[in-house]
Amino acid sequence: MAKALVVYYSKTGNTEKMAKIIAQELSSAVNCDIQSVTDIKADDLLNYDAIVVGSPTYYGTMAADIKRLFDESVKFHGSLDGKIGGAFSSSANVGGGNETTILEIINAMLIHGMVVQGDPKGDHYGPVSIGSPDERAQQNCRRFAKRIAKLIKSLAVK
Amino acid sequence: MAKALVVYYSKTGNTEKMAKIIAQELSSAVNCDIQSVTDIKADDLLNYDAIVVGSPTYYGTMAADIKRLFDESVKFHGSLDGKIGGAFSSSANVGGGNETTILEIINAMLIHGMVVQGDPKGDHYGPVSIGSPDERAQQNCRRFAKRIAKLIKSLAVK
Amino acid sequence: MAKALVVYYSKTGNTEKMAKIIAQELSSAVNCDIQSVTDIKADDLLNYDAIVVGSPTYYGTMAADIKRLFDESVKFHGSLDGKIGGAFSSSANVGGGNETTILEIINAMLIHGMVVQGDPKGDHYGPVSIGSPDERAQQNCRRFAKRIAKLIKSLAVK
Amino acid sequence: MAKALVVYYSKTGNTEKMAKIIAQELSSAVNCDIQSVTDIKADDLLNYDAIVVGSPTYYGTMAADIKRLFDESVKFHGSLDGKIGGAFSSSANVGGGNETTILEIINAMLIHGMVVQGDPKGDHYGPVSIGSPDERAQQNCRRFAKRIAKLIKSLAVK
């Protein structure tokens, strides 16, 4: 059975709430673990078919703790090639850098050779929450997780 | 007296509303023109000390009509060096690409050698509106215009 | 048999050269068409399983002719969901905006719900050429096409 | 006299070489300090009129050590408003993420309200080096420093 990891950094709890919603939805379709970035090592990423990364929006890009995870992953560069990736972010404000945060995580995933998919209807690049996830953000998290699960299944049949 | 241009493309009228608020506020501090991109030529950009560009969010980047203006400006490449730039965008949804739209316009301005400034309090990269500009978006447009005017004056004294 | 389209805009011929190399390599694995953007309509995109878009680097983002293709595609928004995308660019200089050009095309594809993959070894986001494609750029174009073909096959089995 | 800081992270020494060239050129025009990010605290940023940040390209964005500096700067958020910013990066390959690295640093600076300027002739967003800085990269570093110095003087006159 395909395995997915939701890994996040959260200080205020908002990104963690998003992570839990996404992991719960993913769990109904695939084997899914959820971890704070402070509790895992870069090597752990190797065990999964899909990696979903959540970060608060800190100066328009991912938190340093998340960035460190990517920096450390250079030791097995090439080994995430073909795995599925996705990203989400919580921020204080609209127009406050959450899109750029998500896209930076996606860029790092592309450099690893990972496969990502956008969404024509929900939050296009990945779910965003302004402050604590409201109903709109929660719906987008669930929708995002369903699409990740579908992509995992499409690619896993190979 | 310093001269500023607000140039925009608008189909639904939302970006135009933002343009008018910004131009009105700028007019209280500097000489300011406002034009739809369909009514100007690239050469017109040469007449201004500051150029503020507004576009709806179309697939996460500026509308083709705005892009064409930049593409045509290559004939006087280098002549906008040191001028002040700013960008704003209206979009249908939160997380729908308005940050990337603004940043693409800013990137084009940087390639022209223009000077841009962010904002630590308002919409950081430039004002965004979700649909028709509500009170939050209107305030951010006015705040943005005041900061552009201040930057024009700081640089114009040289 | 899966169908791929390589669509490009080219003025100096450099992007066209990259397009031809990519299309030739794709043709050995899937059914592949190659078209200048001036010869197709947005609706034509609907006929393909994978769409690879090439643009010269104009002010750090795609040429207006390519942008217009995306803007026009809004009429069938949602219909490209799940298709595979990829992008490439030629530019005049290193550090001249080719990465941002490729990423803007990828952003537009993500907003369409398309699936994209990076590369851990070649040009990470998509092939870039500085001027006319040299041997390095040509190799990256072929490598990119092989990876697109592989992704098409992985996803097509569903 | 205006004060500038060049702060960098470097593991292989390539980014440090760029930092030294930029700092040397800046020193001929303004009072300039140069520091490894491991030797300064976020508060130190408050003492300068211009802050130039250099990072190797790690997964298309700044090194975690540089990111941490920005994350820690949130405690005095708003205090860098109006200061001048600039960024540079070294990377292993062309098309390897150095533009996105520079632009992420610039995004963080914009969120601080800082003022940045591109370049119509040199490396548009900021100097990039592929590996150890060759003559082309060194020239772009010097050109970049001269433009930063000029911008400092233009804005300092207010």
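For reference, chains read A, B, C and D in written order, and residue numbers begin at 1 within each chain.
Convention: a contact is a pair of C-beta atoms (placed from the backbone, for glycine too) under 8 Å apart; a residue touches a chain by one contact, two chains touch by 3 or more.
Since the model is a prediction, treat every value here as computed from it, not as a measurement.
Comparing chain pairs C-D and A-C, the larger number of C-beta contacts belongs to A-C.
Of all chains, the one whose CA centroid is most distant from that of subunit A is B.
We define each chain's centre as the mean of its Cα atoms; on that basis subunit A and subunit D are separated by 29 Å.
Work out the mean CA point of subunit A and of subunit C, and you get 25 Å between them.
Subunit D has its Cα centroid 32 Å from the Cα centroid of subunit C. Annotation for subunit B: residues 60, 96-97, 100, 103, 107, 110-112, 124-125 touch two or more other chains. Contacts between chains leave no pair untouched here, as each chain touches all the others.
Across the complex, subunit B meets subunit C through its residues 58-65, 67-68, 70-71, 73-74, 96-97, 100, 104, 107-108, 110-112.
Listed in rising order, the residues of subunit B touching subunit D in the complex are 77-78, 80-82, 103, 106-107, 109-121, 124-125, 151, 153-155, 157-158. Residues 60, 93-100, 103, 123-128, 130, 136, 140 of subunit D are the ones touching subunit C in the complex.
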